[in-house]
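Below are two complexes that have chain A in common, paired first with chain B and then with chain C.
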Partner chain A sequence: MGSKQTVFTHEQLEEYQDCTFFTRKEIMRLFYRYQDLAPQLVPLDYTSCPAVKVPYQLIGSMPELKDNPFRQRIAQVFSEDGDGHMTLDNFLDMFSVMSEMAPRDLKAYYAFKIYDFNNDDYICAWDLEQTVTRLTRGELSAEEVSLVCEKVLDEADGDHDGRLSLEDFQNMILRAPDFLSTFHIRI
Partner chain B sequence: MSPPPKGMEVEGDRSGRRSSRKQAHKAEGLVGKHGAQPGQKERVRGSPRPRSPQRKQTEFRICREELRGQERSPAMRTGESRRKRDGRASFKEQRASPKKDKKVLRKEERWKKLKKPRSLSLASSTSGVESPYSEEELAQILEQVEEKKKLIATMRNKPWPMAKKLTELREAQEFVEKYEGALGKGKGKRLYAYRMLMAKKWVKFKRDFDNFKTQCIPWEMKIKDIESHFGSSVASYFIFLRWMYGVNLVLFGLIFGLVIIPEVLMGVPYGSIPRKTVPRAEEEKAMDFSVLWDFEGYIKYSALFYGYYNNQRTIGWLRYRLPMAYFMVGISVFGYSLMIVIRSMASNTQGSTSEGESDNFTFSFKMFTSWDYLIGNSETADNKYASITTSFKESIVDEQESNKEENIHLTRFLRILANFLIICCLCGSGYLIYFVVKRSQEFSKMQNVSWYERNEVEIVMSLLGMFCPPLFETIAALENYHPRIGLKWQLGRIFALFLGNLYTFLLALMDDVHLKLSNEATIKNITHWTLFNYYNSSGWNESVPRPPLHPADVPRGSCWETAVGIEFMRLTVSDMLVTYITILLGDFLRACFVRFMNYCWCWDLEAGFPSYAEFDISGNVLGLIFNQGMIWMGSFYAPGLVGINVLRLLTSMYFQCWAVMSSNVPHERVFKASRSNNFYMALLLLVLFLSLLPVAYTIMSLPPSFDCGPFSGKNRMYDVLQETIENDFPTFLGKIFAFLANPGLIIPAILLMFLAIYYLNSVSKSLSRANAQLRKKIQALREVEKSHKSVKNRATDRDSGDTPKSSKNSTQLQITKPEPASHSASQSQFLDKKAQDTGTTSSASGTLLPASQHLPGSQPPGVKPDSGKLQSRTHPWRSASGKSAQRPPH
Partner chain C sequence: MMSDNRVHEIIIELENVPSGIQNHPSPTQIMRDKPLANSAFSMVSSTSDIHVTDSLIFSHRNDKKHNQLLEFSTSLKEPISQTLRSPECLGIDTACTFHETVQGQKLITSLIPMTSRERIKTIRNQPRTMEEKRKLRNIVDKEKSKQSHHTLQLKCCAQYLNSISRGYRRSKNSLSDLLSSISLWQKALKVIGGKFGTSVLSYFNFLRWLLKFNIFSFALNFSFIIIPQLTVAERNTLQFTGLEFLTGAGYFTKTVMYYGFYTNSTIRHRSSGPSYDMQLAYIFTIGAWLIACFFSLLYSMAKYFRNSFINPHIYSRGIAKFIFCWDFTVTHEKAVKLKQKNLSTEIRENLSEILQENVKFTFRQQLACFSAHVAAWLVSAGVAAACCVAVYYLAEYNSEFLRTHRDPGAVLLLPFVVSCINLIVPRFYSMFGLVERYEMPRHEVYTLLIRNIFLKISVIGILCYSWLNIVALSDEECWETFIGQEIYRLLLMDFVFSLADSFLGEFLRRIIGMRFITSLGLQEFDIARNVLELIYAQTLVWIGIFFCPLLPLIQMITLFIMFYVKYISLMRNFQPPSKAWRASQMITVFIFLLFFPSFTGVLCTLAITVWRLKPSANCGPFRGVPLFIQSIYLWIDTLRKRSGYTWVVWIYQNLISSVHFFFILTIIVLIITYLYWQITEGRKVMIRLLHEQIINEGKDKMFLIEKLTKLQDMEKRAKPSTLILERRETEQQGPLHLGECDATPDLRFRRSVQEDNLKA
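Here is the complex of A and B:
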């Protein structure tokens, strides 16, 4: 344990435990994962909170993310200025939200952000198209994609304004049986 | 009454006023909810006093309140700024931005004061700011502290970036640390602090304990690894295996702790009595490996089997009642298993109550929840992409042609055909087993049979278990079910196969047992005669008693219980070996072949014909369940069986994990396991029940062997209960038991249970109906709301700016209700206006104060409203705090 304690101070670890869903051990593991991404970039001493960012190219190549069609969106949503480059705090945030223990509401909030490709706080038809194309690697024809988007809007759009607000999205995701089990990343 | 000298006056005045103040506060606590301003109230109370003290008092109070106001501000400010940041109703900052150094200084000052006892603060009037916390303040701080604590506890649920969370957390912690000691006063304070400390410790301990607990779950990492490669359906098998291992460990503990170890430690040693000795005829070969491998020889006459146990009522210096313990453990193995299976089934169903909504959101769910974020393997990802695409296409096709299903007849025909074929297979395999068992009985009568003939039953059953499932799978391809449903069908069919096998096996075994039982009487006679002749034979010196016959020479019965136990033992071991060999040959060698011969082969082996094996979920799950059924049935006759099973599960955990990771590929259509593995559990329960039946039958209606086992010499095995009741309990208890066993009492009890089941069933039915109706109502409401919204949306575009706000509020997961928040918002705005003009007053308080001191004095006591107003103006903080304290509790 002695070597582990030098990375963070005791207080830092406690605070991280309060702010995330992780135990001390998991936080340390996450840190080492983070550090492994860019060993020459990330210092092994975080007691002074250095402002280090790991570029998206490295984040996206993690085995947990590299096969995810939404990896870029995930990185953008959790990074500070939306460019996908992450600090350790962002990194912890991301995996805390994606952890098993995070409540449904929190997950739904971030899922909405992830699927909202153009960051306009609404999931519009264009966002839906993006989602479908990524999910199927563009193997559906244009008519099929538009049909799917139409159906989704038809099902979930509570106020008929042609786009999904966060409220609509939460309403829908509340009923999804698989959301909690699929919207999580083990690390 | 002439006014006393100034200093004294102030002193006396203050002490007098103190009490009145206190009273006022108390009254306020009662009436304060109506929003009356505290200052005003005091005034009214103070009014009947003579004039001059009144004046002095007012002067003093103003001065004091002024100080107080200043002094109280840091606390307010922190609360304020936090609230503002929280996005709730906020007080606007009244003064200029808080000067940090000053704030800290004041806080320190206050902290020091806090440490003094309350009475001490009476001493000087210049310090004036005695007893910094009135009760309402305390209440308010308490409220804030509680809020902060709640914030700390729910910090991880906030959708904020980490930096913000950290600063918020630090602030909240600081606040709590600073003030939570203040809440207890006087003697209670220390206790309070101590309790807080303990609470903190407790939280820390719980956290550590949770850490520890998660570390204690065995194979968590392995299973996670598998899950991320092969999806949750394969992982569900391993989770089931782990669960099974846990159950078996408990059973193992029961049996070893209460039966085997007492027997080994305290029972008569090996070789002392016939049942614990290898017979003379077998002695030569008893240590040969081939004999031991068949569980004959020394193993047969060991504590692993029923026959080894003696029928002595008590053993050892503990007077341990071994036969009783044996019986009770046998029962409690079943009791515990039943309980644990049913409990886990119940807890699984509780999680899956919210079904039936999915048909409304087919596409939405596919869009937003079909990607499994757990997937961390490109092959699995490829498969997932493919399966999502196909499922989208399927849904589109369904949507487009939901009315016409042209192939329905063909599908139906194919399904019927498939079922027919499978039933044929099942019947055939059942017959085959029956045939083989019959044959093996004949073999057992003959001498020197070959190895194959001795093990024919096991071999045939294992072969059936190996070849039938793939056959079924091939046939099931005709049916074209969704893989999840297909898996269930497959499980059901293989289950039927195994069950048929098991039962034919059991029936044959039963025949065997009956045969042995019928022979038993003659053997008993032979034994008696041998012993009789041995002791009474002529030609021996009558005066010297003959040494007893060596136990190995005593002729003995066949001991059918041990024979049954051995049968189960053999079956378990051969099953295990066949499983491992199948994995080695079918998966590992195949994978090696495909991998390495691919370099020099004429077609692509990896993509083409043999390719790699998929993990066979259904076969493995059923193998596990079936095996467990064997354990349950056999453990009564072979206590050591559970130990072997624990070893088997342990090795198969590691072995299969390795095999899956090294030589299997993910399924072609990756599908999620149904959320609860209740189907597995239901099968397990069925097997448990079915394996309970034969054991119960043998216990209740077959006589135990006369010369082996803990129940020898008794008419039935359960007689041991009666014996214990008669000999070890007082007589009236025996009478009570006899009374309870009366059919006149049992039949009504059973009837009552039936009634209870009927009643509960009808209640649950009506509840589920009510549930369905409620769901319908919600649906209808949603529809109405939808249409309402769409109308409203067009009508009031202006409101749309407000809705996202509220929705955002709700996403921040805060516990505030919107109503009180808005209430206090309007209040605070109102206060704000007031505060701004007080701000000017108090900023120049040093110069302005004398003037304002004169003001109330010059006024007649009748003009109270004015002065009240003034007071409220001078002390905006007080009123603000009063208001916020008076907020309706929520």
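Here is the complex of A and C:
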């Protein structure tokens, strides 16, 4: 990767720099990572903005994501159509939000969307059960899982409507200062 | 069918929902990547316009209460999310994208007057897709250039400033590119984070941060003190034996390494060339370095405090933090499985704690606990005191000891004893954990930390006292060099012991844990103990910079080697941590420790040195002056005689050496602190009140829903024929997940029908 690159126009790189938390070099590095996922599919020249989507199976096999219990949800949240197939824009967006420079509110928003399995903009008991199951990999029994979900709703549900809204989630995240450092994928 | 006016009304109603944080999307805009505009609303109205009508009526009736608006938005969301997920709407023209909605327009108008830096920051923080952000940016740029064309004459200097800021931003970008390309150890840190998680990673990040600190200190010293001295260096007449690396004495005494080598003269290479006063350079460099350290520590501490201590009074003992703070940095397969298993164990423990919360200890058990704690504290304080006394006596009789034992290795006795104390006593303290029982594991960590800190501070304190009170006043030929050598030996011995611990101790522990006593298993990385060792070494470096300007370089090399040693040892001899470790709070505590006992202690030591002690008469840049600080007084005196520098003298007399100025400054700072403290207290009260208000609103909602359910039941019993009509309406709205939402559209429909009937 020399100083003259022909992948993006100068204007495109400036746009990416202004819209993500990455520097020029990091954007180029991420592009080459994206390209490596599907070398036949992704062209090396993005100046004409080709509409290329890398299928979810390849995204989910990246070493940073392949063992993450939430990799499917992450890909679904950041992909355009919610099916996990990502364009380069989605890819950059995803790693920009998961980088260490993204602020807490932005991360909390996307974390909320990731844990909201049924996409109804609330984390209900069913969403929590899904989360806990993925986190513990079947180690906990069904009663323990439902007890955990009940306790979480007890603690975090501010307006007592039986589910967590975005505000409840953000309020709870404020009390967990580790969130910023744990909701971070290094690439 | 809905008229466009009514649709816009709905939008405006939504705008008034207060969203807590700026740039934070209110609940209705959570669908970030789908057309949330006129087309969507008209689609909604086509599927169930009665539904939307009565929502309007509902919101018109109670337009002030925002829980109703939330309800409206809830019901509206369901149909929207369904219609938007259906394939045919994907073909809808993208002309009605975010930036054409009212909220988008508002955002654009707010972005235009901002400076470019703030604008970029705001755009980056938007939770929108890349395409929407790009469009936003382009629209704002176009608007901005349009505006600037109109006000060309008046704002020519603003344009100039704009181009300057753009150039500055570009240079900053390329600088950060450069810095990130030479950033150390990125890959190693990624591997460590992938296998061990954020907590262990925090230790290595701390190490890297200290390394950067030392690089800066060394660069400062090197350019201002060492290079000038090297230009007038005298020849070294001593012999070089290999032992110098351990003792620091011998050949090294007459090198730039120690204070004694530096000249006190004004360096002048050509008779009419610029002169360089070594005395002033020495003291000013040290002063500038101290100020830079102070501000950078303060800045780091403030940054970490802000992130960690937002709401200190409600840190939950609860279970939610386990669920939502999964460590995404862990990428190694085995580590993930282990972490999942550990998480299950922790959740089970937490559940059983919550269930057992009402179990109280008996009086006897409480007494036993309390006495165990008291005994442990007494023993630890006693051990620390004993160590301090031993170190003090050793330091006091060190010079006699050295005279009787001519062996050059004899100087290593004191550092050896100190390092042994630092190695054995913390492990001894950890064993107290077998006897003491704590209510929360957090207390155990903090107690251990406090005991270790107390030990290390006492040891350093005793050493400083012996150096400043005994060595400086003795008739050593060059006491500053001697202190520098002592510090060098302490650091080196500490480094050797750490290496031995990593190579031998941890390796042996692994062999024992895997082969002989397999129940022990692999050990876990003790973050607190390792970070304290780093802080201890860094404190020694800070004290020693005055006496041994090359010390940051030595510490740099030490840290560099330590990173790789610890990294290799970690990969081979350790397992990932089993308990959740609150990394960010602990790092804040560590940086606070670095600042408060460590740095302020160093400041005190240096202050006593500079203001009270007499420099040695035969060596160093301050020979000949009665006190170190006299060099500055003499300089001010010479400046006074020269014209043209009276402003410097004025600043010195009225700002730096005047008591009144500092008094007034202190009063102002105290007043500002008091005001901020009161503001914080007020905000805490506000948070509590708002929290109660949220709970009350929730209760109101429940109450209203119950009332409406009751009314509906009464209606059902009164009019069974309309029941069938209702059922068809609810079925049309598609699958709804939540029971409540099932109820509410019904209720609103029923209520509106009732009202229509009443009107009729």
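The rule is short, and it goes like this: the second predicted complex is superposed on the first by the 183 of 187 C-alpha atoms of A that agree within 3 Å, B and C clash if a C-alpha of one lies under 4 Å from a C-alpha of the other, contacts with A are read in each partner's own complex, and residues count from 1 in each chain.
Going forward, a residue touches a chain if its C-beta (ideal position, glycine included) is under 8 Å from a C-beta of that chain, and two chains touch if they have at least 3 such contacts.
Since we're looking at a predicted model, the values are computed, not measured.
A.B. asks: Mind working out whether A:C124 is in touch with chain B, chain C, both or neither, as first, second, both or neither?
C.D. replies: The second partner, chain C, only.
A.B. asks: Per the contact definition in the header, classify A:D81: touching chain B only (first), chain C only (second), both, or neither.
C.D. replies: In the superposition, A:D81 touches chain C alone.
A.B. asks: Counting only touches as set out at the top, which of chain B and chain C does A:G158 meet: first, second, both, neither?
C.D. replies: After superposition on chain A, A:G158 lies in contact with both partners, chain B and chain C.
A.B. asks: When the two structures are overlaid on chain A, which partner does A:N68 contact: first (chain B), second (chain C), both, or neither?
C.D. replies: In the superposed model, A:N68 contacts both chain B and chain C.
A.B. asks: If we overlay the two complexes on their shared chain A, which of chain B and chain C does A:Y115 touch? Say first, second, both or neither.
C.D. replies: So A:Y115 meets both chain B and chain C here.
A.B. asks: In the overlay, answer first, second, both or neither for which of chain B and chain C A:H10 touches.
C.D. replies: After superposition on chain A, A:H10 lies in contact with neither partner.
A.B. asks: Would you mind listing the overlap between the chain B footprint and the chain C footprint on chain A?
C.D. replies: 15, 17-21, 23-25, 63-64, 66-70, 80, 89-90, 92-93, 96, 98, 103, 105-106, 109-111, 115, 121, 128, 131-132, 135-137, 139-140, 144, 147-148, 151-152, 155-156, 158-161, 165-167, 169-170, 172-173, 175-179, 181-186
A.B. asks: Chain A touches which residues of chain B in the complex?
C.D. replies: Answer in residue numbers: 152, 155-159, 161-163, 165-166, 169-170, 207, 210-211, 214-215, 224, 227-228, 232, 352, 354-355, 357-358, 360-365, 367-378, 380-381, 385, 388-389, 392-393, 396, 399, 672, 675, 782, 785-786, 789-790, 792-793, 803-804, 807-808, 811, 813.
A.B. asks: Once bound in the complex, which stretches of chain A touch chain C?
C.D. replies: Those in contact with chain C are residues 15-21, 23-26, 63-70, 80-82, 89-90, 92-93, 96, 98, 103-106, 109-111, 113, 115, 118-122, 124, 126, 128, 131-132, 135-137, 139-140, 144, 147-148, 151-152, 155-156, 158-163, 165-167, 169-170, 172-186.
A.B. asks: Enumerate the contact residues on chain A facing chain B in the complex.
C.D. replies: Residues 15, 17-21, 23-25, 63-64, 66-70, 80, 89-90, 92-93, 96, 98, 102-103, 105-106, 109-111, 115, 121, 128, 131-132, 135-137, 139-140, 144, 147-148, 151-152, 155-156, 158-161, 165-167, 169-170, 172-173, 175-179, 181-186.
A.B. asks: Touching chain A in the complex: which residues of chain C?
C.D. replies: These residues of chain C touch chain A: 20-21, 23-25, 27, 30-31, 33, 67, 77-78, 81, 85, 90, 120, 123-125, 127, 129-131, 133-134, 137-138, 173-174, 176-177, 180-181, 189-190, 193, 198, 202, 307-311, 314-316, 318-333, 336-337, 340-341, 343-344, 347-348, 351, 354, 582-585, 691, 694-695, 697-699, 701-702, 737-738, 740.
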